[in-house]
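Both complexes below contain subunit A, partnered by subunit B and then by subunit C.
Up next, the complex of A and B:
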C-alpha cells in the first residue's frame, strides 16, 4: 500500500507529522527548558544552565505543602476509585443486573459532562449542606471523575476474558468470594491497574474541580501553579511543571507495560 | 445469596457515590439558577440575555469553539490517517506523542504557550525579526492565543477519535478503489472520508464541548479582557460571589452542550451493540 503513495506526498506527510509533534510536544519542551535557566526571568531558549530552581522548589514551604496535599489526594482517589469502579465493572460485565447497558452509561456519565458544571454543582451542594470545603470534598469530587476511567479500563480487559472460567470454578465448588478473589480479580488485574494509574494521574493533574473547591490552606499543586501563572511566573514554576511532566511520562510507561498504550488509546 | 444480590452489592457503592456526589450536585446547581430572593425566578437568565457584555462572551465562546473544532479537524484527520497507515512501531510513537500532552496537567501545557507567545517570546519576536509584524505586535491576551493553546490541548481527542475508526476500516476497500483507477485523492474522498464519518463526528462533538467548557487555558492565555463563558462562570464564583448568576450561566452552557452531547452519546452507544 505504501508504495502506492507518491513520494512527494510521503515527504509532505512526514513534514506534517513533524509539525504536529512540534505543536503537541513543543510547549512541554519549552517548560523543561525554562526550568533549567540560570536567570531570574523566564526565557526560552534558557539563559545559562543551572538546577537552582529545582533547589528552590524543594526548599519552598508553599510548593512542598501543595505537593504533599496533591500526593495524599491522588493516593486516596486512586484507592477509592479503583475499588468502587472495579467492583461496578465486574457486576456490569456479568450482565445479570437489570439494565446492564443503562448502568454502563450511568457510570460513564461523568466523562461526558463538562467538569466545570460538575465543579460548580459540588461547590454549591457542599456549601449548602456541609460547610467549608476540605480534603474530603476534593477526595469525593475527584473520585467521581476518576471512577469512569477505572470502569472503562476494567470493562475493556474483561471483554477479552474467558466467560467460562467463572462457571468452571463454580462447578468445581468455588464459593462466591473465592470466585471473585481467585478467578475474576486476577483477570481484571491489568485493567484495574491501568485504571488506578489513570485515576492517580487525573487527580494529581486536575485543575478545574480543585480551583472551584479551594480555600486558603487547601491548595493542590496544579492550583498553586495556576496562581503563580496568573500573578508572578518565575522559573521555579517551570521546575515544578517539569517534575509533573516527568511523573506523567513515568505513568504512561507503566500503563503501556500493563495494558499497552495502543489499546487504551484507540478504545 | 443469589447472583443478583451479589452483583447488586458490587455495584451499590459506586452507584451511591455517583447519585449523591454527581447527580445531586448537578440538580442543586440547576435549582440555584432559578432561585431568587422571593421564590423561583428567571431573573438571572434575563440579566444574562439583556446584557451586551454577556452576549459578547457567549458569542465569543461559540465562535472560538467552532474555529478550534475546525482547526483540530483539519490537523487531526490527516494525522490520524497517517497514523493508521504507518507501521506499528511508528504508530506507537505517534500515539505516545498524542497521549503525553493529553495526560499532562492543563496548567503545565498552558504555561509552555505563555512562554512562547509572550511579548518577548519565541513566536512574536521571530515574527518581528522577520519584519512580518510591527514592533508592538503581541499574541498573548488575544483570541488568537486562546485558539493556539486550545488546539494543542484538544487535538489529541480529535486525532484519537478518528484513529479509532480508521484502524477498524478495511484497508482492502481503499486498495480496491485504487486498483479500479481511483487517484489517491478521489479514493480519499469517496472511500476513506465517508467511512470515517462517525469518528469525525464524534471527535468534533467532543472537541466542541470540551472547548466551550474550558476556562483554565482561556483565562491564562486570553487574560481578563478576552473572556469566554466558562471563564465568566469562574469569575462570578470566585470574585463577585454571585452564585445564582453563575449557576444560570452554567445552565446556559449545560443547555448548549446538551444539544451537542445527546447525539454524541447516541453515537458512542451504537458500536457497543454491533
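Up next, the complex of A and C:
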C-alpha cells in the first residue's frame, strides 16, 4: 500500500501533472481553435465559427502540392527507414557484425547530432558531388534521421525475446528463410511498427532539413507552413496544422488496432 | 540397432575441451539420461546431437544416417528447451503444428488431427486457441512437450525440461513422461542434473564428469554399484571415507577400522562409500544388530526433514551424513555409535585428484 504519501506532496504532484498536461495539450487546443475562426487574423479565442480556412487549404494548389510531397516523402522514408533500421537492429542484436557495440552507437548518432549541421552538410555535399537537390536528397536525409528510431525500438523488443526461439525453430525443421519470416520478423513486428510510426511522423513534420534542401517545386508541408507564417499569416496555417494533428491521431489508432499502443509504448 | 550413435565426440570452445571423446549407442525406443553437474558438458552434447553446436571431431548418427555436418532442420529430431521456447505470436495449436508445417508432414487436415492428438496426450486440447503468455508455466511446458512429440521424431531431445517447475508439478510431469514414453516409444535423450529424475525416468543413465563418461548403465545398477567415488557421491549422495585397505581390513584415518567386505578389492589407499541411508545411529548402550559393525563417533548438527532426521556425525576429521527416522533424538556433542551393514559398503579406488 502506498497510502502514506503526505497530503501536500500529493497536491504538489497533481499540480505538476496538470501543468505538464496543460503545456502538452494547450498549444494544440489553441491551434484547433484558431483554425475554426471566422476572422482572417490569427487570434485566440476565435472570432466566430467557420470551416472556411479548411475549405481554403483544400482548394489551395500550393498547400495540396506541399501536402502531397510530404506524404510521398513520409511514406518513402517509412519504408526505407524500417527496412534499414530493422535489418541493422537484427544484425546488432545477433552480434554478427564486427564491433556490434560501436555499430549500435553509430546507428544512434543521428539522435544526438544537431539536425541543422547535418542539413547544412548534406546540402553542401549533394551540391558539390551530385547536383541540384531533389526528392531523392530529401528521402536520403530524412531516412538517416529516422533510422535510429527504428533501430532503437526494434532492439528493445529483441532484447526482450527468448534467445532460444530461433534455435527451437531450427530443431522443428525451419530453414534459414523460414526462421526469418516465421520467427524473427513476427518477434520484431511491434518494434518495427513503432519505429515505422516514428519514421513517418519524423519525416512528415521535419522542417530543418527540408528547409535547407528546398527549391521551387520541392517544398514540403512544414516548410510551406513556415513560409506562410512568415509572409502571409492567416488561420489557414492553423487549419492545415489541425489536419496534421488529425493524421497523427489516426496513425496512432491504426497502430493500436494492429499491434497495440501499450506494447509499442512499453518498449 | 542403435537409433542414435555418437562416435568419439570431442568439442572444444577455444582452449577449453568440454567433451573429451564421448561414444554412446542408444538403442531405438530407449530413454537415456545424460546426468552430471553443471559444466560437465551434458547440454553441449545434447546440442551437438540437435545440430545446434558443431563437433570438433567425431561422428553423430541418427537413425543410421550420418548427420554430423547437417544443420538442425535437416535432422529428424525434436528438442524441448528449458525455457520451452514457445513462439509467442502463435497460439497453442499453431505452435504444436509448426514442426509439421516445417517438415511438410501430412496435409492440413491430417496436421490438425495430429495436433489435437498431441494436445490430448498432454491434456491441453481445451486450450488450443490460447496464446503461450496466457498459460501457466506447467501448461507452457506441456505445450512444448506436445510440440516435441507431434512429429514423432527419430530422436527426442529434452534439455532439463522439468527444472523450471515447482516440486509438485515436477513429480506429476515425471509420471507423465514415463507414461508417454511407454505409449509412444520415442528414442529419448534427456539432460538433467537431478539424480532422482534420472533414476526415475531412464532405462539407461549416462553419468558425465568433466567431459567424459564416468559410468553408464541401468539406474538400479549404477545406483547400487557405482564404479567410482564420483559416481557414488553423485548418485545417492554417499559419504566418501578415505581408508587404507590392508590385511582384510579398512583402516580409517581416525584409527578405527572396518572389516573388508567380501570381493576383490585393490589394496592400499581406497575410498569407502557409505550411503547416508545405509547406516544408523545407536544411542550409547544400544545393541548393534547381528552381522553389523559399529564405529564410534560424535553427534553434530541435526537437520529435520519431516519424516526423517539427517545427522552430521563426526568421525575424527570426517563428517558423515546419516539419515535416521524422526524418532531418534540425539544431543549434539554426545557420543554415539554408527552401526552399519558391512555388505553395503563399497570400496572404490581413490580418485586421482
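By our rule, the second predicted complex is superposed on the first by the 242 of 267 C-alpha atoms of A that agree within 3 Å, B and C clash if a C-alpha of one lies under 4 Å from a C-alpha of the other, contacts with A are read in each partner's own complex, and residues count from 1 in each chain.
One rule holds in what follows: a contact is a pair of C-beta atoms (placed from the backbone, for glycine too) under 8 Å apart; a residue touches a chain by one contact, two chains touch by 3 or more.
All values derive from a computational prediction rather than experimental measurement.
Under the clash rule set out above, the superposition-derived model of subunit A with subunit B and subunit C shows the two partners fitting side by side. Judged by the touch definition given at the top, the superposed model places A:165 against subunit C, while subunit B stays out of reach. Using the contact criterion defined above for the overlaid structures, shared-chain residue A:65 touches neither subunit B nor subunit C, since it reaches no partner.
Look at A:147: by the touch rule set out above, it reaches subunit B but stays clear of subunit C.
With both structures placed on the common chain, the touch criterion links A:44 to subunit B but leaves subunit C unconnected.
Contacts of A:75 after superposition: neither subunit B nor subunit C is touched.
Touch criterion not met for A:254: it reaches neither subunit B nor subunit C. Contacts of A:135 after superposition on the shared chain: neither subunit B nor subunit C is touched. Taking subunit A as the reference chain, the count of touched residues is higher for B when subunit B and subunit C are set side by side. In the superposition on chain A, contact is made by A:121 with subunit B only, not with subunit C.
Superposition on the shared chain A places subunit B and subunit C such that, viewed from the Cα centre of subunit A, they span 100 degrees in steps of 10.
Remark: least CA distance from subunit B to subunit C after fitting both complexes onto chain A is 12 Å. Residues 1, 3-4, 6-8, 10-11, 13-15, 17-18, 21-22, 24-29, 32, 75, 78-79, 82, 85, 88, 91-92, 94-101, 103-116, 118, 120-122, 151-152, 155-156, 160, 163-164, 167, 171, 174-175, 178, 184, 209-210, 212-216, 219-220, 230, 233-234, 237-238, 243, 246-247, 250, 253-254, 257, 261, 264-265, 269, 272 of subunit B are the ones touching subunit A in the complex. Per the touch definition, subunit C reaches subunit A in the complex via residues 50-52, 71-73, 75, 77-79, 81, 83, 85, 87-89, 98-99, 102-103, 147, 151, 157.
Listed in rising order, the residues of subunit A touching subunit C in the complex are 161-162, 164-165, 167-175, 178, 182-183, 186-187, 189.
Note for the complex: subunit A touches subunit B at residues 1-2, 4-6, 9, 13, 16-17, 20-21, 23-31, 34, 42-44, 83-85, 87-88, 90-92, 94, 96-97, 101, 103-107, 109-110, 112-118, 120-126, 128, 140-141, 143-144, 147, 151, 176, 201, 204-208, 211-212, 222, 225-226, 229-230, 233, 237-238, 241, 244-245, 248-249, 251-252, 256, 261-262, 265-267.
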